[in-house]
């Protein structure tokens, strides 16, 4: 089958090229970039040398791209994918969007948090957190691939919300991401000497992944969840770890917590339950599509603390997109995604 | 005046040597290490070459050390300093202990969290978080220098607790520390390739700095505070950042929060109020005794999020110890501590 | 086929497990460790969780291991593999040794530089730098897998030595390696805070990879080569880059240099010729079996500078070992090794 | 006395502010930036908060700046300082230029390597490598502060060249610098994710510090020296290490090499001779004005390898500039520069 990648020159786009090149069923059709159309991708990413020797095309060619592709991935900034989704709606080609444009059921939430007018409110997409929505993904034309912080956070607490073991009030998610999350654009704050040996919070009380997490939490809790989400910037390349705090409902036991995770994830290939007392580490999932989960109960405070981590460019972006592609096309879900984490 | 450093070969000990060497009023008398007695400190720390060309002595010489010193610093693991404190009690020499041995008013709390029988329960020490207890420090013989996570966390929320602006229930402190916090001992988890490009929580629900923070919070709140504290390990050398979550009492305004910080810290040399909306960064305090504070109010959740950061080896250990020494001996509090942060 | 890994708990051993698990023709038989026999490998390396759930055996079981294996890899410190090689000699099982024990044609060179008495001087092994010796590897029972600095350095200058384009006198190799090269053992110099933000040379004029490089250079030059080799320690996990300086023979042109590389490596899957003027980067080969080569001619000094880089745990150790296994067993040489580099 | 800093917003400029603020004899007059005139420096560098609360001026005010200053430092890109030097020539104010504009005796060498037409060829400046030219610095109006790689490299081999112990042919300098050397400007290659976990050479055979080193080597050797210089980019903030290779003249002994270093540097405050067999480390000089030197003789190859390291922002830029200021104004040379290295 043929796949194209729109916005191939960002880190998520390049990661898609790496993963798709290793996928046994996929051949790359087009890769595009508006700023670098006409150049070879290897001029920007020499690590792909000899293996992705494609020239970057322009999006002006969207119809041609669509005609030549079974699936199109878009790794673009917010506000751009909706134009492509609108143009592709109803066509044969599948569309997997890595931006936030199609993630929200309530368009007004998107418009409020992203401060962008949505140009394609009619199109219905499926939210592609594969482990939770794989049945819906199967029949979708457009898949809204979840955000990186979002995937990490959602997978951490959904089992407990679904099982009704935690209070829906008072949830705090304190998360930290590697710097690939900031992309490859030229920003002072992304310079080596600014990030290295440094650590800080950002987007406190205002980060856009907040309402996306709330949307899914609310769905599984069966009632509205409002939560605190604080991201931090880590001096490393890849990985997100979320430390999630929730109040246990009175009387809930460690065994019930364990059962909730086992019930929902016990058979998931990509989710590895490290269990109670374990503290998952970023490096144990690096460059892979795995998610590691651990948790701890605190009798003094009545809380459960769930820690969840993944590689933001893989399970948090390109890897989950390929996982969704596998679902869409009926391949085993881990096809092309079985590589073990790279350690150390 | 003459200062000695007991346990000079750990990172905090070496940092004391760096700071004391730059202090205009101090001359080093003895530096000790049981494991390396007889060696020169520069064999272990070549960065001190030509400037701290002292030989390491043994603690067997404690009386001699005491006789030759106006102040003794101890940078030892828990359980050792109490022996020294006991031996020094009532002597002329001042004793500044960087371990936890003398930090707790209630010895049973120490014994429960540290699993060590306290051998010197009678000795009364002053808790040396200088900005909050400088008047008591003035007259002390023994100063219990606070922990690194503790200093960071206490300074963040005490203004709001003291002013009665936040609820005492539901406080969550999510903190991260550089790897110097783990010391220089040989542990698998401290190897470069294990820490680099990695991030994880540890001591979840069980970290020993928890009761130390609770003790001081409770004192300023006027009632017992139980809180959630979670430390994480950062892939960098120096620095601690604490992100502290608390519920604002109904009706509390941003101006009141700002006033609380200004009132308590407005004239403090080492505390820099970055203000509402600012996210302090580790690198802005590196290798200095400064503490940077910023905060944000979240109307959606009713919380205030206070972020506090410092260099764990300076304000979190050796620097605050020197600051306390300055108080004890009547020097201006910032003597020898005015170096600006090293950036980048 | 069945593969066993002796010394599976070091970084090279763990990398073998990662690569062999992804190899379509291989099943793991035994993995061993003397210090951790009886434990599960995932207790030491949680990144392998769910995928290499094997228990570590002891070498006491060597006969059993050999009987159950088609190939045995040894990732042990120098001096240990010779005992295994001696015991396995003449058996059916293939033996790929990642240590230096079988790399030297002249045992006295080994004994002089390694200060170890060789216990198995009769056994003849093939030097497994696959691109240069693949025909000999095909028929070998024992393969001496080259060192990491060695592979990097040899591949850089052999084309020019073989083509007679450079002087054999005056060669200087200045190289730098990531910290995985120091292994997972507990050494002060491998602690995070000692390596991070640091850089230094080591083993100046005495590093053991020197005679190994000289042996192969001499073979291709047709006369003895004595060279200067200086390794440095980099604050990063994986990768070696060698900057190699040699005097061009009078009249040698850029085209001749280019031809020499093209002639020897033009069809090699794992060697990527970045060409004249290109400076290869460690990150472009990370976690892959690729080697990137670039070079520059300096008319002012008459030198050619060749830069060569690879991942020391893959092409510099485990990856090349698997490549040799593929040659030994008649699989396409890149089987299980096609993963593109992980960037960034 | 009053000092002004032109180009205060780059890393070297900010480092000057840090050092000058800690200098007991200096008060800052003006700090300038064309791109950020009117802003406060602390908006760009919050680590200076409360201590350098100055507003950035514009160079349009040069006369005003000169009138208010006893010394002006310029930390500008090449080609700009010559305009300032020309305007200041003959005035009372001292001018210390951190760029290359005034470093070359032969203007044509500057123009060839920098590809800039020199606009002020008449002005004579003193080359400010303090340890070698302090007598000339004393009487200068304009000091050309040396480059960072240059200072490192020159200090390494000048003792041996001056003593006539090494051949002037065949010198190879392989050096590596932290990323602050690339400045704070927005370049793809300076992004965190491009530099981190990476290492590469650059400017091979063409780096502009080459002729600057050759100029000084030639002067001390008494005949023209042509050398090979290759810089590399390190994934760390601060520091340069040069590994310098030279052929010993026949019969030269280790004692003679040692004597040469002792004779020239034995009484230098900032140069620390680690001696034969020692490998100096970047981290041992970090954030200080010290230079650490070690060396090794190789009987096999007849070479001496000298390793030299310093902090590129301090002794390689701002620190040496302050050292020169101390010489110019008759302060003890280490005034304001005695801080010990920050380790770890």
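Letters A, B, C and D name the chains as they come in the text, with residue numbers starting at 1 for each one.
Rule of thumb we're sticking to: a contact is a pair of C-beta atoms (placed from the backbone, for glycine too) under 8 Å apart; a residue touches a chain by one contact, two chains touch by 3 or more.
This is a predicted model, so every value here is computed, not measured.
Relative to subunit C, the most remote chain by averaged C-alpha coordinates is B.
Note on interfaces A-D and B-D: more C-beta pairs are in contact across B-D. Note: centroid distance subunit C to subunit D, computed from Cα atoms, is 38 Å.
Each chain gets a centre from the mean of its Cα atoms; for subunit A and subunit D, those two points are 46 Å apart. Per-chain Cα centroids separate subunit B from subunit D by 36 Å.
Counting only residues that touch two or more partner chains, subunit B has 11, 180, 193-194, 196-197, 235-238, 281, 283, 286, 344.
The part of subunit A that touches subunit D in the complex is made up of residues 11, 179-180, 184, 186-188, 190-197, 235-237. On subunit D, the positions that touch subunit B within their shared complex are 11, 14, 18, 21-22, 45-52, 180, 197, 237-238, 272, 274, 281, 283-288, 292, 338-344. Partner subunit B is touched in their complex by these residues of subunit A: 170, 172, 174, 176, 193-194, 196-202, 204-205, 226-228, 230, 232, 234-239, 241, 243, 245, 279-283, 286, 296-298, 300-301, 303, 305, 307, 309, 344.
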